[in-house]
Amino acid sequence: MKKKRNLFVQGPIASAFIGERIHQHQSRTEIGAHSIFLGQVRSDRVGDRAVRAIAYTAYEEMAEEKMHEIREAAFATYHLTCMHVYHSLGVVPAGEICLFVFTSAPHRKAAIAACEEIVERIKAELPVWGKELLEGDEYQWKINS
Amino acid sequence: MKKKRNLFVQGPIASAFIGERIHQHQSRTEIGAHSIFLGQVRSDRVGDRAVRAIAYTAYEEMAEEKMHEIREAAFATYHLTCMHVYHSLGVVPAGEICLFVFTSAPHRKAAIAACEEIVERIKAELPVWGKELLEGDEYQWKINS
Amino acid sequence: MKVLVFGQLTDITGSDTLEVAEAPDTGRLLEQLKQRFPALETAAFLLAVDQQVIENLTALSPDSVAALLPPFSGG
Amino acid sequence: MKVLVFGQLTDITGSDTLEVAEAPDTGRLLEQLKQRFPALETAAFLLAVDQQVIENLTALSPDSVAALLPPFSGG
């Protein structure tokens, strides 16, 4: 049976939540290294307007399925103890966190390499879309580089 | 003038402190990505005893000088917005955090690459020593791989 | 049959769920969609059927769920 | 002059600060230290003078601070 992993979070990911998740891993004394990636909504300028927020939508069932596949591949490739991923849905204002990738391992190289690979796969493979809401009522669709 | 950066922290680095440091970077809306590395004291087995803590000592002035050099090199190489490093001194029990490296940048590749490079340089170049305190009164000196 | 529409493609379709006439395969489905929304002709997207991205001509059943996926932009 | 001792080398010297006779250069300083603590002969360490790691024979002044640095094990 596939464990439901709560990939999606409504709105921004709170920094206190991140602190708590770190804390929850301190009972696992076989862990020697954590690697964390946080995506934060950047207030880019678009012409004379700034991005004030990003509204995220997703093909949720497909994204969860794909995330499961990414997770299995990470555990098969790297000697990891834990791995957690949270992605926002809905509106995330500029300056707030929209993606939280957290890998833990006995040794640093596995934690760091897995975290980086997972971030790249999320950007390229998860069916999630960001709509950049500009000052005023305009918007543009986010493009990943 | 060289800014004093408070590299060293007495004892473990609290997870709540990490959450706060993340929070403090959310007013910087030019940031799009944070990369964080956390070193955690691992309870390795040494023969029939487990490591219960690591006691860290450092050549503090030299370490701060070297950290300054690592910081300058990171900013010269990568397009970073911020970079913070904290390393414990004194006793850090197993399961607690002893190293916190935190890079922030407009784009993920700079944040991730800088964080990894800084971690490697810290391990190889900072005059810091870990004494692994075992159950009972024995100890052994930590060896970095 | 049902077609889900995501991201910028909803600017073209005006809706995130379309009901379209049953199509025997993905080729005929795309033809039908492009006829109804000519702007899809030049739009970049992948077609998924039942959450699997489809690269070759694939048969459809009446209860297949298709989805139009523009380039992903999560994170 | 003062010699600081760190990490596992303190197991050899029994102290983290040594007072040693003035030495004209780093070669003579090391000779003196190895005479006093023969186990240093086989120990791995770098010598730093005034926080700079020294690789070549270097002159010392009476107020130089030397330091014996075993392999780093931070993080």
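Per-chain residue numbering starts at 1, and chain names A, B, C and D are given in the order in which the chains are listed.
The rule is simple: a residue touches a chain if its C-beta (ideal position, glycine included) is under 8 Å from a C-beta of that chain, and two chains touch if they have at least 3 such contacts.
Predicted model, so just to flag it, every value in this text is computed and none were measured.
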| item | value |
| --- | --- |
| Number of hops, subunit B to subunit C, where each hop joins two touching chains | 2 |
| Chains touching both subunit A and subunit D | B |
| Rounded Å distance between subunit C and subunit D, as computed from the means of their C-alpha atoms | 72 |
| Rounded Å distance between subunit B and subunit D, as computed from the means of their C-alpha atoms | 26 |
| For subunit A paired with subunit B, centre-to-centre distance based on mean C-alpha positions, whole Å | 23 |
| Multi-chain contact sites of subunit D, meaning residues that touch two or more partners | 75 |
| Overlap residues in subunit B, where contacts from two or more other chains coincide | 39, 108, 119 |
| All pairs of touching chains, each written as two labels joined by a dash | A-B, A-C, B-D |
| Subunit D to subunit B touching residues, read off their complex | 4, 6-8, 11, 48, 51, 67, 69-75 |
| Subunit B to subunit D touching residues, read off their complex | 39, 56-59, 61-63, 65, 87, 98-99, 119, 122-131, 141-144 |
| Touching residues (chain side subunit B, partner subunit A) in the complex | 15-16, 18-20, 22-23, 25-43, 94-97, 106-108, 111-112, 115-116, 119, 145 |
